[in-house]
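Since the structure comes first, as structure tokens, the remarks are kept for the end.
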Amino acid sequence: LGAWSPVIAAADQVVVFAAASLTTALTQIETGFEAATGHDLVVSLGGSSALAQQIRQGAPADLFISASTDWMDALAADGLIAPGGRFDLLGNRLVLIAHGRDAARVAIGPGLDLAAHLGEGRLAMALVDAVPAGIYGKAALTHLGVWPALAPRVAQTDNVRAALALVALGEAPYGIVYATDANAQDNVTIIATFPPDSHPPITYPVAVLAGRGGAGVDAFVAYLRSDAARTILERQGFVALQP
Amino acid sequence: MLEVAITHDFGSFTLDAQFCAPPGVTVLFGRSGSGKTSLVHAVAGLLGPDQGRIAVEDWVLLDTRHSIALKPHRRRLGYIFQEGRLFPHLSVGQNLRYGAWFAPKDAPREDMGRIVDLLGLGALLDRRPGALSGGEKQRVAIGRALLSAPRLILADEPLAALDDARKAEILPYLERLRDEVKIPILYVSHSAAEVARLATTVIAIEAGRVIAQGPAAEVLGDPAVLPLGAREAGALITARVVGHHDDGLTELDATGIPLFLPKLVQAPGTVLRVRIAAHDVILSRNRPEGLSALNILPGVVRDLRTGAGPGAIVSVDTPAGRVLARITRRSAGALGLVPGVAVHAIVKSVSVAPGDVGAGSGLLA
Amino acid sequence: MTDWLGPEEWRAVALSLRVSFWATLFSLPMGILVAYALARWSFPGKQLVNGLVHLPLILPPVVTGYLLLLGFGTRGPIGGVLADWGIVLAFRWTGAALAAAIMAFPLMVRAIRLSIEAVDPRLEQAAATLGAAPFWVFVTVTLPMALPGIVAGTILAFAKAMGEFGATITFVSNIPGETRTIPSAIYAFLQVPGGEGSAMALVIVSVVVAMGALVLSEILARRVAARVGGA
Amino acid sequence: MTDWLGPEEWRAVALSLRVSFWATLFSLPMGILVAYALARWSFPGKQLVNGLVHLPLILPPVVTGYLLLLGFGTRGPIGGVLADWGIVLAFRWTGAALAAAIMAFPLMVRAIRLSIEAVDPRLEQAAATLGAAPFWVFVTVTLPMALPGIVAGTILAFAKAMGEFGATITFVSNIPGETRTIPSAIYAFLQVPGGEGSAMALVIVSVVVAMGALVLSEILARRVAARVGGA
Amino acid sequence: MLEVAITHDFGSFTLDAQFCAPPGVTVLFGRSGSGKTSLVHAVAGLLGPDQGRIAVEDWVLLDTRHSIALKPHRRRLGYIFQEGRLFPHLSVGQNLRYGAWFAPKDAPREDMGRIVDLLGLGALLDRRPGALSGGEKQRVAIGRALLSAPRLILADEPLAALDDARKAEILPYLERLRDEVKIPILYVSHSAAEVARLATTVIAIEAGRVIAQGPAAEVLGDPAVLPLGAREAGALITARVVGHHDDGLTELDATGIPLFLPKLVQAPGTVLRVRIAAHDVILSRNRPEGLSALNILPGVVRDLRTGAGPGAIVSVDTPAGRVLARITRRSAGALGLVPGVAVHAIVKSVSVAPGDVGAGSGLLA
């Protein structure tokens, strides 16, 4: 472990840099992992881009859990990932939400006239060129052929939670967010789920970083693949990809 | 008529003063720290006294019992501050015009050009106060107050920073202001010469209290009332201009006694006040002859006061009025001066300026 | 150099200038009023006002943006009333200006307040004795004497408005041409691998603009100070 | 009320206080120096220094954080040198303090500079004629006379440091107990469903702390002004 | 010996002055705006003149040709500013002690308690300057400068804001300072009385230039040199204390002529300067008898100058020295005063104070 660790106990300290959308899940996993193994887990939560930049600048992280494959690829290209240390942890679904508890469902297909539904209102999404949820959403709408019509009506936020908030408050009548976010939010209804083939697969890759490793890291990787972790992730609405 | 009656507690210092200021110049006279500036501040509304009433005629500026307290800007004052207080961001000209912007349209106004000339400010109009000398600043402050069309002028030692020549130029203007415009002027001064020359009424202050007040002639002429030491003693007498002589002298008539002064501007017939300072009078038992002094007043000793020092103040009743003389006890004894004795008061003519000893302008003897 | 920044980015630059300009202009009178009140008056709730003014400085910008959304959104209590009058802030550049103004307000007020406090009250008294009512004392003495601080506060606010991101994107999101300011654009660039170059180009533009404003303000302030100085 | 905030959150509060305190304390001498230099000296490159000081205000915080990461990261040119001396800032609370200090610096400098400019140079001249060398003039006259502004600037900087988020999370990440300050914790809560309640609890804590500091500064400044006032 | 030679261009105003100030008090005398404060600023190092040299003995404060310009804090000055400049954040006591903090350990120091008593500041030590009256502030400013162990004292109208009584208390202290401590004092004043009383050397300034300089007796005694109008004319003569009489008078001997003054503190044998103002002198052809004036100096008319006005200045050579008298042309004619004629100069004894007319402290005649 790096010089960073202020306390080197008998047990290892494992430092995980993780996308902020995993906050709740990782909090629960941390409790379980520490109880089960005696290792100390430290989780730093942030935007995938910021975390990746920090890893590039030598952040003392052992593992990186990204919300998109782009940044993981970029780190891999820089040689910052331990060979063979990468796997896809979980997936997510992209949903169309509407304001209110019981908005009418819509069918997603080539005939979807979202623009008509929107009327004067806005479609809330994360930044369509920058934030994963926005990128996936734009891909899906493009796939459906409605992007050119909708593009001027999109209100882009810096993260997907802010898009959710816009819909929850009724500032925007519709929004595109992850199913995990929408499930837990009052005052919004999932009115459709985008077909998985309408956008690139949503995966959260995990990687052990180059030069890191040891008993603690191995134990954590193993724990992530365990049923206990799987249960926690699925309870949050994620799709667990690793058996 | 300005009436002031206030009390205010500063903690370490208590102000408790009542006085009336009739039209003309009322001088507040007293030593440093006696409360003069505080009184003027109260009149201006810059100090809210604990209790009191201030009124100009029946226009009430302050009455704590009836919860009246006009804001300073409604009092229409021309306040010449002890420390100038010019607006640093305005030019001299703008400073001078400042008050006029706010004066009622119909208020009687002084002519800007005249005041500028009078105060010698012509070359300074475009400068900023930061680049003025101390005396220049004070002249601008005087001009600014005069040009604000005030109903009451407050002046806190306005001439202290000026040289005698400049003082001598400005004093006649203040005199004219006093005589021509019927606005009361409340004037703080340390200078006996200024007091004598300008004061209609004198208010003597000591430790926050009024210890003497009254017409200038009375307060300054009575050594018993005069609080500030015999140095300031002097008498004011009234005289009429008789005529102007070719050699530059003006002849006055003080109830039958001729007085000669350096040429005055007043027309024959004008009635004037002249001040005879006690320390400028020499007494003689015989009518002196062959002296360069032109003014000699016959009279009778009325009384004689001596103090702890070597001096004595002799009051002499002359046909022109009472005259005071400050002499030594030794001389009083040598001349046998007791009440009832006839004497001649020899007055150095230069001392008999228009009320003013210290700032007179001509040569004489 | 037209291809140095794309048309999208130039729109962001133009928008940022517009937003910052109006944010600063509109908050200035209010800023002067509040600064004066805090400097010279004492009234019940003064500490509360003072606290409220500083709130945007203390809160994470996202929270401020969220509170703005709650209050000034189309469904918000204030936003609803304003919408009835035809004033819409949500998702408009006007909303971006509001967010920028609110974030910059504490800086503006602090600077102006300090310089009002530094005006010698004896000069204000002198003006009052010359017949100037309190409003005119303020306009003819306090304001011009405090001018260096007002200029400083204004430029500070402008610079802050140019850099504001968190509250703006949370409140009015990021709509190209409407609410996509320079910082939003920079943020977007930084989120994708390889976007640093474009982000830096925008950083340079915003630095140049803000520095220009800063240098201008220094020159202005120096000229003003020279006029006022040496009292 | 122990379960009102969890232990993690109390750690964030304690950390924020520590970070803000040291950030403010360390930047104060530098802030006074720079403010004095900008107020009273003229030197080549003065506008550059002025611009640099204001940079963090103009740039989106993320950019500032990014630049800090590039410069002060373990691989950065400055960070590398400092690391050789045993000073590590990256991903440490000390780095969070650096980020907070840099973000708060322009506010501090502006406030102090304005109040130094308001000190009457004629009093400094008087001190010089009484034998005080420039340093002592500064310590015995300029500094105490400018105290209200210094107090204001310090508290402003503290409040800003308490609220700083973008630069901090970008530079030193969001590591519990080390760099997870209140704003970072609020951010993490806002990223997950149901976290708003905890976020609000933290918002309240930070508002209370910053308001306390603010009221304290008002009282201090008033006391100081009463001592100095009525010159 | 302070030597000053500077030129400086203010744009609208040019300073171009050379003068030497020997030990003692050198008074800069001139009207408002003539450049007095600017000169003092240059000596203090607060104004960097375009060109010039300033030195105290061989200690060079400024020499533009050799690029020497000591910083103000190295000049060891006690500067009493025209506008006080007290430190508002320090108490009166701290203001007074300020200079002592920076003075070299071995510098000769005034005793704080003594200065506090002298200036009447005892009750004010814990106050802040903001709560002082104008005169109180100025007294603190004087004390602060005196207590800084200076090698040169600069005083810019330090007494202008004070009342006569307070002036009369402080002047003797400045005199003692002049006589006992060998530090040069550069003193700006408008007041002829102060000048007469304190000045060793007088420098007359007009529009930025020195128009007359020299020993006080010479400059003030010669009406042709005196720039400021005949009002200030007067003669200084030297006299020795003979003894103190029971009636409170002190007898002096002015080269054989007895002079009587109110009681002085000086011991018999002390040599003093006394000033006889021209306007306090009456001339008589015969030796006058039976007058209250005690001091009569026989002499011979030396010359007689007349101007445009009604006055004349007569110089009279007496055994005690030259005495000036300001009389009317009419009197001069009536008495037949031409050079060579024998006359008696009658001097009102109160005018013969220790060099001082305006601020004398006793009663006399």
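To keep things simple, chains are lettered A, B, C, D and E as they appear, and every chain counts its residues starting from 1.
In this section, a contact is a pair of C-beta atoms (placed from the backbone, for glycine too) under 8 Å apart; a residue touches a chain by one contact, two chains touch by 3 or more.
These numbers were taken from a predicted model, which means no experiment stands behind them.
The chains touching subunit C as well as subunit E are B, D.
Touch-path distance (fewest steps) from subunit A to subunit B is 2.
Greatest Cα centroid separation from subunit B: this falls to A.
In whole angstrom, the spacing between the mean C-alpha positions of subunit A and subunit E is 90.
Averaged Cα coordinates give subunit D a centre that lies 57 Å from the centre of subunit E. A straight line joining the Cα centres of subunit A and subunit C is 35 Å long. Note: centroid distance subunit B to subunit D, computed from Cα atoms, is 60 Å. Residues of subunit C in contact with at least two other chains: 62, 166, 187, 190, 231.
For subunit E, residues that reach two or more other chains under the stated contact definition are 83, 131. Counting partner chains per residue, subunit A has residues 53 touching two or more of them. Per the contact rule defined earlier, chains pair up in contact as A-C, A-D, B-C, B-E, C-D, D-E. Here subunit C touches subunit B in the complex through residues 122-123, 125-134, 136-137, 140-141, 144-145, 147, 227-231, going by the rule given at the top. In the complex of the two chains, the subunit B residues touching subunit C come out as 44-46, 71-73, 75-79, 81, 83, 85-89, 98-99, 101-103, 128-131, 144-145, 148, 154. Those residues of subunit A that touch subunit D in the shared complex are 3-4, 6, 15, 17, 20-21, 23-24, 42-46, 50-51, 53-54, 57-60, 159, 161, 180-181, 183-185. Those residues of subunit C that touch subunit A in the shared complex are 62, 66, 69-70, 73-75, 90-91, 166, 169-170, 172-175, 184, 187-195. Subunit A meets subunit C in the complex at residues 47, 49, 52-53, 70-71, 73-74, 122, 124, 127, 129-131, 154-158, 162-163, 165-166, 169-171.
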